[in-house]
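Attaching a single structure in structure tokens format; questions to follow.
First chain written, first letter: the chains are A, B, C and D, and each begins at residue 1.
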Amino acid sequence: MEGSNFELKNPVEPIKVWKGMTVNELMLQMKGSGSLSSGALAKAVDIYERMIMDNAYIFLTLSGALVPAGLKKVIITLIEKGWVNAIVSTGANLVHDVLEAFGGKHHKFYSYVSDGTLYKIGVDRIYDVFVTEKDFNEKFDEPILNIYKEIAEARKGEILSINDLLKEVARRLPDNGSILRTAYLNKVEVFAPAIQDSVYGLQAAVHNRSMQEPLRVDAFMDLQKIWSIRETNHNVGAVILGGGVPKNYVFQSFYFEERKLNYVVQITLDRPETGGLSGATLDEAVSWGKIDKDARKAVVVSEITLAFPMLVAALLERFS
Amino acid sequence: MEGSNFELKNPVEPIKVWKGMTVNELMLQMKGSGSLSSGALAKAVDIYERMIMDNAYIFLTLSGALVPAGLKKVIITLIEKGWVNAIVSTGANLVHDVLEAFGGKHHKFYSYVSDGTLYKIGVDRIYDVFVTEKDFNEKFDEPILNIYKEIAEARKGEILSINDLLKEVARRLPDNGSILRTAYLNKVEVFAPAIQDSVYGLQAAVHNRSMQEPLRVDAFMDLQKIWSIRETNHNVGAVILGGGVPKNYVFQSFYFEERKLNYVVQITLDRPETGGLSGATLDEAVSWGKIDKDARKAVVVSEITLAFPMLVAALLERFS
Amino acid sequence: MEGSNFELKNPVEPIKVWKGMTVNELMLQMKGSGSLSSGALAKAVDIYERMIMDNAYIFLTLSGALVPAGLKKVIITLIEKGWVNAIVSTGANLVHDVLEAFGGKHHKFYSYVSDGTLYKIGVDRIYDVFVTEKDFNEKFDEPILNIYKEIAEARKGEILSINDLLKEVARRLPDNGSILRTAYLNKVEVFAPAIQDSVYGLQAAVHNRSMQEPLRVDAFMDLQKIWSIRETNHNVGAVILGGGVPKNYVFQSFYFEERKLNYVVQITLDRPETGGLSGATLDEAVSWGKIDKDARKAVVVSEITLAFPMLVAALLERFS
Amino acid sequence: MEGSNFELKNPVEPIKVWKGMTVNELMLQMKGSGSLSSGALAKAVDIYERMIMDNAYIFLTLSGALVPAGLKKVIITLIEKGWVNAIVSTGANLVHDVLEAFGGKHHKFYSYVSDGTLYKIGVDRIYDVFVTEKDFNEKFDEPILNIYKEIAEARKGEILSINDLLKEVARRLPDNGSILRTAYLNKVEVFAPAIQDSVYGLQAAVHNRSMQEPLRVDAFMDLQKIWSIRETNHNVGAVILGGGVPKNYVFQSFYFEERKLNYVVQITLDRPETGGLSGATLDEAVSWGKIDKDARKAVVVSEITLAFPMLVAALLERFS
């Protein structure tokens, strides 16, 4: 009978907290709790730790307002530690990253100002983070158009992949702690499968409309590259921040092949009940053969800026 | 003083229901309620009605599992009535649409079967809708590879936009009620800005790996086309189903320009508090200048398959 | 082998919509869709229809801002049709119901006014519905204090149950379409297990502080009554709007007994992943023996004012 | 003009993480981020710290599966530090607390077992935490019935408030780290306004059905006590875990009076868009006069077991 050998051997261990406890100590406490978000996050730390110890090839996917909200340095920490091998990002996160590389700023402000007024005074809002149009023009649009012009001339007549394009951009960035530049220096591959859906795309279209040498970027070329990553790596893990195209893009790379994802952690507030991929359970991807049925996996139901820094701080403590 | 002329002139009118009431009659009742999802949906119907009466150019964006879940015919109804001028979709919805065009099926099943077992027996799960791998191979992969081969030869040496590619696919589909084919026949433009993030992309990569004549598809080219739509239309509306790349792609087309979106309705369960664009309020897009500050706009917090058919059924009743 | 006889016999039937379609026709269309919210709602209509046909004793639970948002008449329709036998409500819904019975109003207003200003001008906000403090004083507080005085004298020396108290209130209400009065006239029992957590409670405390004859209301007495309902009815169903105390109160009445709930439908936006009862799956209540393992059950992930009027309108059409 | 003096003076400070960082150090880092959940939690820590420094009277409200999921000791830490003066709880949390006091256990289990099977083998499920029926009978039902018998005799003829009843229970508990006992020993008042909606209520009804000396517990009596708390304390704060009756009960105590809540923090995943109080913004309560318009307040969108231990661990570090 199903359940006949059901044993209850693991009592819930109430979480203890103490003065001066470290983030990893808190994570270890949360491991004993029920598997709500705290238990799931504790499990996610264990899985990521295991990916690192097993020398897995690790994809990190970025979606949502991660850079504007302040996660840039946490991501860079992972790159510098060698705990991520490829980043798959929305265009927007790399836009805001490069805007900061050229001196642009993100701001916090607390009083209520209507969006109509913000428009009039040239301030763009991302939930409660603000960027000025002036910064956008001077610290992103102008430098990126200059860079595009250089690339178009340097690679005249060639068709680039999106990954190539981002490498060419990275090569021309100042050395001041952007994700794109740090990834480049650390040989971490960067993919932005929907790059056209960002100001990179808009400015590329501006460039191509007005310049003699157009930028030619192929939509499909990166898939070969991501397949060869899969083929040359036995152990592959994915750390999914949010959902969207970056999640699907990594998952689909493992569709219809022998090799599957062996470790997956996801942090998201999206719900499974919409049927969309962003909030779909990781089990669902097992049916498609994208994730191995014996993979280690955990979904943490949480806003990302809360859970992700805890995860990384705990990891840092586990490795000397 | 703020609020000194605050007047309470609109009492909530309790919703009445009766035997045989039509969907539009229910919508009109919901208009009198508080502005929770019912009031918001009633407002969305009014706004969409207004877009049609004002002859606005209307974008419809598709994200999530809309086709597998059964919304194909509702979308086609909008196309056939002329109430949508351009569709911006995830790749996945157009994959499942074309799979059905070639005879593939989506199934419902209620008993619990583990995803590991589903994988073994070759069944893919989308929440609680199922597709067989056999159908995927025979009714999507094979026909699309044949079509790609034809296109690569017919357009030898050319670089296509994603919109071009989809038109070439549509031209080769049977006349049996797919979204892509119906859009093509009705001169509705179809965009799939992240097409590489779908089985279209995977199969294009398969094609390019093995065939002499590669398919060359440019990532940025469609932006010019979408800009010229904006430039030639005074009134532009957007009907946003879900969020993701399709939402952002339409919105960003109106960034840094005089012309803005004049009408926007969105149906989504995504939350604003993550900071991501999918769940961002429409007000936020006013600060960026993507939506006009005087635009008519409504967000309906609902799973799409529930609210969207109501919206369309109500519209049908308002026009003879 | 698990899944070896897995058959895919039910294709998803895409939803069709047409001009003048009735709400029930839409529900029947949604039945063919995948089981996202539309499929779940279609199933909920079938289950409720079945409760009625099987002559089940039906509990309806109310939580959230249902009356302020405009659901009063939909609930009254169910009472008048005889499709509900007992109501379990938060105190608040019955407060706003009685406020309207004495001529108080709920209002809609669309411009942004800060809550600080609303406080200054004596307007209370419930999401985007407004009540004036003046109405609260004159149309609820004063009449309810008068009613309490009468009850305290009429039932001098007695200890009442909450259900008794509400009946005594109902007896003294005008005949103008309140839920409480209509339930009373139709012999529908009304329970408000957390009545102290509402203005009924506050005013009872005001009464008891100042009046010679106190109102004595026992916290536990209604449990006997609800148990005898269970014992005298073979078929029992529950229609759960939201979650909270009303959901738990009905469920717990079936704990540790032979008789269990046979039909349950719930409409809610609460999530299972918090571990709380409001968003807990109905399956979970099977483990406790509150819901029968063969019960018909459906959870509709939706804001209530959207899905509930559809459910009731569809039911009306199914019965002549 | 609105916004004319809009200044952007606070740049987002990207969060830094490091090896061995303490929870409070992480909180201080999160303070610099955008105000998504991380920024909101950092603000909540500051507000709670301020409540303590200002010697505010502090209400802590408990809803959801906090005790089963493992938060008991975190709550007890607050009691023992003197950082909470009154607890307002659902009945269920105090049921599971007392079940543990008498030796009952909560268990974790990871394999899938159907709820029908769990029922058959006598195991109750709370998301993914399990309790046996045997424990429920022996470690809660039997001891609480004995305690009720003692109380009914000791307080013969009296009418108790719920707060009284819980004190009488607490007096009879072993000294082994339950919330109820620890609160009693530390003179922290405990309220459970919907106690009838829990196994306390069920067993009280069992007692009253069969015993000569009934337990008489008044529904409204505690409101006087909570009002006198308000009247004798100038500074009052509330720490709201979840929502439900406990949230509303504290808030409504400040309705129609001069004194208002001066500090409020809430941790919840409930959404404002349902109109219900659980997910309502704290601003809304300002319109009602329950929260002061100048109160310090923060809502953290998070599952509770994740954010709350962080908050308490950070606090511990701030006080010597």
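In this section, a contact is a pair of C-beta atoms (placed from the backbone, for glycine too) under 8 Å apart; a residue touches a chain by one contact, two chains touch by 3 or more.
Just so it is clear, the model here is predicted, and its values are computed rather than measured.
> If every step must land on a chain the current one touches, say how few steps get you from chain B to chain D.
Between chain B and chain D, the shortest chain-hopping route counts 1.
> Once the contact rule is applied, which chains count as partners of both chain A and chain C?
B, D
> Provide the C-alpha centroid distance between chain A and chain B, rounded to the nearest whole angstrom.
25
> Counting in whole Å, what is the centre-to-centre distance of chain A and chain D, each centre being its mean C-alpha position?
35
> Note the residues in chain B that touch 2 or more other chains, in rising order.
Counting only residues that touch two or more other chains, chain B contributes 34, 36-37, 65, 68-69, 114, 118, 123, 126-127, 129, 269, 271, 273-275, 301, 303-305.
> Per the contact definition, I'd like the list of chain B residues that touch chain A in the complex.
Answer in residue numbers: 63-65, 68-69, 92, 114-116, 118-119, 123-127, 129, 159, 162, 193-199, 201-202, 204-205, 208-209, 215-224, 227, 242, 244-245, 248-249, 252, 255-256, 269-278, 280, 283-289, 293, 303-305.
> State the interface residues of chain C toward chain A in the complex, per the touch definition above.
34, 36-37, 112, 114, 271, 273-275, 301
> Residue numbers of chain A touching chain D in their complex, please.
Going through chain A, the ones touching chain D are 1-4, 6-24, 26, 29-30, 32-39, 41, 65, 68-74, 77, 105-110, 113-114, 117-118, 120-121, 123, 126-130, 132, 269, 300-307, 309-310, 312-313, 316-317.
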